[in-house]
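In order of appearance the chains are A, B, C and D, and numbering begins at 1 in each one.
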Amino acid sequence: MIEEELVRKIVEVFSYVEAKVKRVRRVEVKVSREKLPEVAKYLRSIGFKHLSAISCVDRPQHGIFELVYHLWSYENRVHLMLKTTIPRNKPKYVTMINVWPNAFVYERDIWEFFGIEFEGHPDLRHFILDYWDDIPPLRKDFNHLEYIKRKYGVYDPEKEYYLR
Amino acid sequence: MSIQEMRRIGGEGSRETFELIIGPVHMETENFSIIVTVEGDTVVEAKVNAGFLHRAFEKLAENRTYIQNVPLLLRVCVPDPDHAETAYSMAVEQLLDIEIPDRAKYIRTIVLEMARISAHLFWTFGMSAAVGLYTVGQWSVADRERFIELFEELTGARIYHIYNFPGGVRYDIPMGWTDKLMKVVNHMEKRLKEYDKVFFENDILITRSRGLAKISTEEAISLGVTGPNLRATGVPYDFRKLDPYAAYPYIDFEIPTGKYGDAYDRIMVRRREIEISLNIIKQAIKELPSGPIMAPIPHPLYYNVPPGDAYARVESSKGEFGFYVVSDGSDRPWRVHIRGPSFIHGVQLLEKLLKNVRIADIPVVLKSLDNCPPDIDR
Amino acid sequence: MGFQVLETSKLLNYARARSLWIVTFCTGCGGVELPPTATARFDFERFGIISTPSIRQADLLLITGYVTPKTLKRIIIVYEMMRNPKYIIAHGSCPINAGIYWDSYNTVKKLDLYIPVDVWIAGCMPRPEAILRALVKLMRMVKEGKALGWKRYLENFEFYRKNQDRLFGKDWRKREIEKLRFYIHD
Amino acid sequence: MALDVIVEILATVGMVFLLLILGLIFMGIARKVSARIHRRIGPPLYQPILDVIKLWSKIDPSSHGLTFDLGSLIALGGAITAALLLPIMGLKLLSFSGDFIVLMYLMELPALGIMLGAAASGNPFSAVGVYRGLILITGAQLPYALAVMAVAAEYKTLSLTEIVALQQGSILNWGLFRNPFAALVIAIIGLALLDVQPFDIPSAPAEISMGPMVEYGGKHLALMLTAHGLEFVVFATMYSIVFLGGVSDPISFIVKTVFVALLAIFIMNVYPRWRIEQAFSYLWKYPTALALLGLVKAVMLGGAM
């Protein structure tokens, strides 16, 4: 099976990665944050040219952010999730724009919604939220209900709500 | 405020440039804005200004149960909601590790292809308005209405169907529905020829979009472009074949491709996809098996999903639509990440392709990419 | 005197009711039901309703669905740029009380705190029939001279202004005008 | 003698008012027929009249300065003056021996008026629309002038009244059959002057949201709509006079102008819009060549038909 072959190949080249087959056409590769760039370059060279998305998962109970690079290889027809973790306080990571150019938009997105800074990213600015005045909203400790009460107010029929 | 003053913005040295803000109050952009810097009649730089439609789906999904998320998350892409709900359902199915019954697979295929056709017909409206030919747009929306009616009969709703569910589909096909569908399919096949005559083979359309906003296969793949925009560059990459789901592995269909990767190829790939979708519907109706429509799923109120993560994707009318769902074992997802096709097409690719085109071509490029603003903002 | 005549004349009110021009500004999901309403099956042009891309020419603003703060700024600017008399129809449950997005941090919960709405349509999303019904209702109101949202806005400007400033911050108008300086002239 | 003149003036003024209303009804016809082509019901024929009344009923002023106001007035004034030149049903108030060439330039005045006002409005979309409009007029100028010369050479006169007189008799005497090249060219130029597809580039709604008209609202737009409708009628009448044997009685007037207008409406509904440089190069290629052919035909064969 192509998935197992692929896992074997990756583990042969990089002894430090954790790789396993999740299900048909889904492979998971875990790697530490220092080693990810070289693994990424290698994966790109063996056909994982399409970066589907970069997901960020907030896990405050472990004090980490998990970054998941969703890769797809058109030749092998395998979806590979490249996972790494970064610490939660003052999160910082390197950009992957030179490996997959479309990491540009996803990294800007993650910066906006999780507050992870990507070194080397040319354009980290607020793209979707304008004039945001709180902690990044997709973090688990962002209390959206309290924010809504503060920003939009609570419905109070006693007040001068009805006009005429 | 005069033209001279306008030209002074950003005019370094001898270059006289001015800014045009296209959208959100504009016929073509929907709720989405592009700020283009124009020199003479040529666009020097385009900057996308999105976020007018941000509803924070990814935050909302964390606070709703798995079942409640189905009616929420399908609202991501408004013209084509069925693909979103199917992708989410498939991700949950992967987490629960269940296989849906054969009949549900076929019904899903039929529904998804109907959704693709109606999304493409809706796109035809926008595309034809972008070049100033309103007739075909009016026709195509009226023809889309026939599919919407069938959807209404099948699912009970016009736009947001909430039909493809984790585990299968919600209702079985009503009596006589397939005959009506066949009638509409035959009608649509005839109408497509009329569209061809008026619009798709129109000389002016060809002169306007041939060679416009070209992109090569290599570039497209490295930018993450998917769907008809990628196929227009000449490669038959379609997730219905590559990462098959529903009943697509059992159905025989070809994948239309373009040749040059320009705007006209993108238009024609979409137009041929309508035809192929009609064929898929015909085949699926013919081979429709009998049996249950829903796999056994946990109790809807105690829908605890085992911990883990799953990524499911479908080939929507616009490209790869994926959901990454992380579960921590409770009844609510820990994280849902939405991978919409327009997030690439409508931002990075659009900014790239809009460089050095004429002002008049901006809506043509925009519509030929078929981006969907709510999907960019999520 | 002239103002009075312009406002109350029956002929003018009839003409206003029979020629509502819509700004093409889709603020949310409801925009997807507008093309069906405009085309063959439902065809709102038989009531003289057309959509125009120019704000200055339009009489009717459709708030088609949920409204985010970023869109609301543009809505307010567009509404203030439109010429009196002007009307607003709000589509769906979201402008009424944010509907399914009640706990979203980026949607406005009560639209009529910020701008005056003449006709509401309930439902998610409103069917073309419901939209047509709302349009006909608005036409009847205009004919009888009862659609006075624009007057309400002028009279209670302080109230609306206060709510807007509370949501966006004090100097939001200056910032937006800086961005759109060539499109706003008054 | 004096009474005759007064009667003629009154009749002409009445005719202009009639033409103003007719212009709006023509736009109503355009909308109705387009709606039928779209398979819709469409608005009633008097819809543009309601639109104009509604626009006059706007309470706020929508001015951006004197030039802006003048623009719409020039547009309407140009269209009315053009209408006065036309010999419709025997009326010829301003007719003189060179009225065809004056009419040719007056036809362009409404567009120029809109451009003038729009340039003063300061909206970037207006600016883009203005330069597109000016380029389009420049492009239309050459074939238009050549075609007018061809017509003049065909009839050896520049007076519309004489042109009508020369076309009487047989249907084969019509300008359409005497010089089909010029007839075709002027039909194409008409599309450009009337701002319909494929030449609606200056006011492309999907690209630059109505272009020059973007800042016009209320009373100004009412004037512009009236001017546009009148221009539509003036062009249709001019075409019927020069190529379709004149409009000497009400029935032929209505039938011929509506026929011309319907042609424009049908073309409008099956063609997309060109880009400005494509329209320009098209105008300087085929219509120019055709107009030259027409000129050659007129000069070589003269009135020999």
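One rule holds for everything that comes next: contacts are C-beta pairs under 8 Å (C-beta built on N, C-alpha and C of every residue); 3 or more make two chains touch, one makes a residue touch a chain.
These figures come from a predicted structure and were not determined experimentally.
Sort out for me whether B-C or A-C is joined by the greater number of C-beta contact pairs.
Here the pair linked by more C-beta pairs in contact is B-C.
Express in whole angstrom the distance between the two chain centres, defined as the mean CA positions of subunit A and subunit C.
Chain centres of subunit A and subunit C, defined by C-alpha means, are spaced 39 Å apart.
When the centre of a chain is set as the mean of its C-alpha atoms, what distance in Å lies between subunit B and subunit C?
Going by mean C-alpha positions, subunit B sits 28 Å from subunit C.
In whole angstrom, what separates the CA-based centres of subunit A and subunit D?
Subunit A and subunit D have C-alpha centres separated by 60 Å.
Between subunit A and subunit B, what distance separates the C-alpha centroids? Give it in angstrom.
A distance of 23 Å separates the two centres.
Note the residues in subunit A that touch 2 or more other chains, in rising order.
If we look for residues of subunit A contacting two or more partner chains, we find 129-130, 137, 144.
Hey, what residues on subunit D touch two or more of the other chains?
Touching at least two other chains: 38-40, 122, 124, 205-206, 209.
Pull out every residue in subunit B that's touching 2 or more other chains.
Subunit B, residues with two or more chain partners: 1, 6, 19, 21, 25-27, 51, 54, 56, 59, 63, 138-139, 142.
How are the chains arranged in terms of who touches whom: line, ring, star, complete or other?
Graph shape here is other: it fits none of the named patterns.
By the touch definition up top, name every chain pair that qualifies.
Every pair of chains meeting the touch criterion: A-B, A-C, B-C, B-D, C-D.
Under the definition above, what is the set of subunit C residues touching subunit B in their complex?
23-29, 31-33, 35-36, 38-41, 51, 53, 55, 66, 68, 70-71, 74, 78, 100-101, 103-107, 124-125, 127, 179-180, 182-183, 185
Which positions of subunit A touch subunit B when the two form their complex?
Interface residues on the subunit A side: 22-23, 25-26, 49-53, 55-58, 68, 70, 72, 74, 77, 79, 81, 100-102, 104-105, 109, 113, 127-130, 137-138, 142, 144.
Which of the residues in subunit C come into contact with subunit A in the complex?
69-70, 103-106, 108-110, 113, 152, 156, 159, 166-169
Which positions of subunit B touch subunit A when the two form their complex?
Interface residues on subunit B, with respect to subunit A: 50-51, 54, 56, 58-59, 63, 94, 221-224, 226, 235, 237, 242-243, 309-311, 313, 320, 322, 324, 326, 334-335, 337, 339, 343-344, 347-348, 377.
Quick check: in the complex, which residue numbers of subunit C touch subunit D?
By the definition above, subunit C touches subunit D via 3, 6-7, 9, 11-12, 14-16, 18-19, 39-40, 43, 45-48, 52-59, 83-85, 182-183, 185.
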